[in-house]
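Once you scroll down, you'll see the structures, which are given as structure tokens.
Here come two complexes built around chain A, the first alongside chain B, the second alongside chain C.
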Partner chain A sequence: MIASSLAIARKDLRLAFAGGQGPVQAVLLGLLLVFIFSLSAAPGEHFSAQQAMAIFWLCSSFGVVLIFSLLFRFEEENDTATALLLSPLPVQGLWLGKTLAGLILLLLCQVFFFPAALVFLGLDPGDNLSGLVLMVLAVDVGLCVLGGLIGAMGQGQGAKDALLTIIVFPLQVPLLLGGIRIGVGLMQGTAMAGVSDWFGLVLAFDAVFAGAALFLFPHVFRGE
Partner chain B sequence: MMSSGSLLTLRGVSHFFGSRLIFKGVSCELAPGSIMLVAGSNGAGKTTLLKIMAGLTPPRAGTVERTVKDRAMAFMGHQTFVYPALTALGNLEFWNSVYGRGLGDAALLGLLDRVGLKGFALESAGTFSRGMAQRLSLARVLLVEPALVFLDEPSTGLDTTSQALLHAELEAARTRGAGIVWISHDLDRDLGRADTVLSLGGRGMSYFGPAHGFAPEGP
Partner chain C sequence: MFRIYPKILTILACISMALMAIGQYAIWFHAPEEMTMGLVQKIFYFHLPLAWWSFVAFFGVCAASVMVLWTGREQWDVLAGVLAEIGVLFSGLALVTGSLWGRAAWNTWWTWDPRLSTTLVMWFVYAGYLVLRSADVGGTKGAKVRAVLGIVAFLDVPLVFLSARLWRSIHPAVLASKGGGLEPEMWTAVWINVLAWGAMFGTLVLARYHGAGLKRRVEAALIGIQEKTLQ
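Then we have the complex of A and B:
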């Protein structure tokens, strides 16, 4: 299953970058949000760490919706979803491949969001960069696990993006809250032990969403 | 009971769309090395029946038994199942990975050669005509080396050369022992290739038996 999932992820990344497009829409929307929020501060005034982290995760949250909408659109053209269902690939393997591709694309978007937040929002990352990277990975995994499941739900529906938005955002709240609190803590010099409760919460949601996705994805993707 | 050696057996299969009956009591068997032609007017439920046979749609009633594993089944229909943004070779590389066939580029190019697309291997499938995309779809079917093939009017949009190619490859698959279920609207052309016919009509199965005993209804 792992080999097939990697094949799905590889194929999705190739399709995402075919024509030089990639996750451009998600990156541009995120950068626009950062820029617009930066205008809300008076010249010389800085955002608090909490405000800056909240804006960073808002960009990531919108990015997830756009990325998974794109990834599942690939299976609508020429009905390749049916071909995948007929293949020996376990349907959960398809979810895993989509989630992995989504995670890579989201991390790529954040490579642009983070410096933009440094420049426009005055975000100060502090000294614990490895802790921040761990936090971003932990929250991203949860966002993408959820995106992979909900993205399949909107497949073939005209109101896909609206459906994604309505269902995804409320479910993302614990992860986003965890990301903001851990990020603020680490940037203000709190040791990892000091934010372990929030880390535990994020990892717990990662696990719960992954379990739910493994169980529900086959039904959702088959449209049962 | 399934006959020994049967690749596919349906017993009393019925299906509804909502509360509307599509067909009921469909029973049939497909032997290895045989072609079953599925006939019927528009809306009779041929495509739905094919999806039920392939395991894509569960029947409301009845049973479907297949003795073939998923990795030995192939489906070819109106849709080409082609990723337009990938090259022809890229499409085959992907399905090669998904089916775990482990074929190298030379073998994949050989498949493209069989369907007359070797010269287009590195071209984006999005630039292909309907016929070329359907040939690529045929290459995907050949890659699987299927024991059970489901065809939903695969000749649609194909020129005579492509149709001849499709028929030759299907004949080769039958000779190899594959079972083929084939939806066709062109009974005059395809009836002679079939061993059995399953005809849908009157919300049920109007005929299942040898192809030579089947008399198509007039217009």
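Then we have the complex of A and C:
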């Protein structure tokens, strides 16, 4: 299953970058959000670490929606969903491949969001960069696990897939709170042990929804 | 569809009306007035049952959704939708009564509290679920997609609660070991109202389910008439 998932992820990444576009839409939207929020502070004023992290995760959350909409649009545009279902690939492998591709694209977006938050929101990353990277990875996995499952529901729905965002955002709440709290803690010099509760929660989210997605994705994609 | 006998619905409605009347008597005449908060404390007798039954409804959505995936039968999908409607209504009322309580007790309309926040997030999730149902998201796979959403939404409940609790809490522990500071008469009023709202919950679920069944029968009859006209 891993090999076929990697093949799906490679295929999706190639298609995403084929027109030289990649996740440009998600990056631009995120940068725009950071810029607009920066206008809410008076000149010379800085955002608190919590506000800055909240804006960073808001950009990532919007990015996930756009990224998975893009990834599932490939099958829709080329009418190849049936071909994938007929292939010997396990359906769960398809979800894993989409999730992996989404994770890589989201990390790519965040490469732009983070410096933008440093510049426009005055975010101070502190010294624990490895901890921050670990936190971003843990939260991103959860966002993409959920994105891969919900994104499949929007496939073939036309404009209706935008409606799915109204359920995606509230479902992401525990992850986003975790991302904000861990990020603020690490940037303010708290040791990893001090944010272990939040890490546990984020990892629990990843595990619960990954398990659920493995079981539920075939129902969504194949309608079985 | 499950068969609902109108007589059963009528009897249940009468029982819930009687229980509601007894519940109101217990609130206003049996339970003593709380010394610090006075009359405002009476909100509690509405707030607690509404919150509890809304969570029962959300659990029911998850259970019915599992049954959709397991059996593929339409009635479970309809039941999940009905339970989500009642759950959103009850949790919405619980949020309003909680907010009124918060204003009187904590001098704020809203605070970041695990139970309040969990209820609000769940309200958003299930209100979104209802919007998706009415928009017929999923097309031919609609029932399966709705079932998956119903399960995923409920999986989020404990995680939202834990995250909100880690954030911070000022909510009173109602079922604390010392009885939450309630007098025995207050507890009597609480349990009568939990029962009354439970009966009301059952009545509403059955009524909506019955209505959904009738709607489907009318739709099927219309299709039959159209086919005959075309012949």
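To be clear about the criterion, the second predicted complex is superposed on the first by the 219 of 224 C-alpha atoms of A that agree within 3 Å, B and C clash if a C-alpha of one lies under 4 Å from a C-alpha of the other, contacts with A are read in each partner's own complex, and residues count from 1 in each chain.
In the analysis below, a contact is a pair of C-beta atoms (placed from the backbone, for glycine too) under 8 Å apart; a residue touches a chain by one contact, two chains touch by 3 or more.
In this text, all values refer to a predicted model and were calculated from it rather than measured experimentally.
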Check: Should the superposition on chain A be reported as showing a clash between chain B and chain C, or a fit?
Finding: fit
Notebook entry, point to check: After lining up the shared chain so the two structures overlap, which partner does A:173 touch, if you call chain B first and chain C second: first, second, both or neither?
Noted result: second
Notebook entry, point to check: Does the superposition put A:208 against chain B (first), chain C (second), both, or neither?
Noted result: second
Check: Any idea whether chain B or chain C touches more of chain A?
Finding: C
Margin query: On the A-aligned overlay, A:198 touches which partner chain: chain B = first, chain C = second, or both, or neither?
Written below: second
Next item on the list: Considering only touches as defined above, state whether A:84 meets chain B (first), chain C (second), both or neither.
Entry: first
Notebook entry, point to check: Is A:3 in contact with chain B, with chain C, with both, or with neither (first, second, both, neither)?
Noted result: first
Item checked: Where the C-alpha centre of chain A sits as vertex, the angle toward chain B and chain C in the overlay (nearest 10 degrees) -> 90
Notebook entry, point to check: Thinking of the overlay built on chain A, is A:45 touched by chain B (first), by chain C (second), by both, or by neither?
Noted result: neither
Margin query: After overlaying the two complexes, what is the shortest C-alpha distance between chain B and chain C, in Å?
Written below: 9
Item checked: Doubly contacted residues of chain A, that is, touched by chain B and again by chain C -> none
Next item on the list: Can you check the complex and tell me which residues of chain A touch chain C?
Entry: 146, 149-150, 153-154, 156-157, 160-161, 163-164, 166-167, 169-171, 173-174, 177-178, 181, 197-198, 201, 204-205, 208-209, 212, 216, 219-220, 223-224
Notebook entry, point to check: Where on chain B is chain A touching in the complex?
Noted result: 54-56, 69-71, 73-75, 77, 79-86, 90, 94-95, 97-100, 124, 133, 140
Item checked: Contacting residues of chain C [partner chain A, same complex] -> 69, 121, 124-125, 127-129, 131-132, 135-141, 144-145, 147-149, 151-153, 155-156, 159-160, 162-164, 166-167
Next item on the list: Name, in rising order, each residue of chain A that touches chain B in their complex.
Entry: 3-4, 6-8, 10-11, 14-15, 18-19, 74, 77-80, 82-89
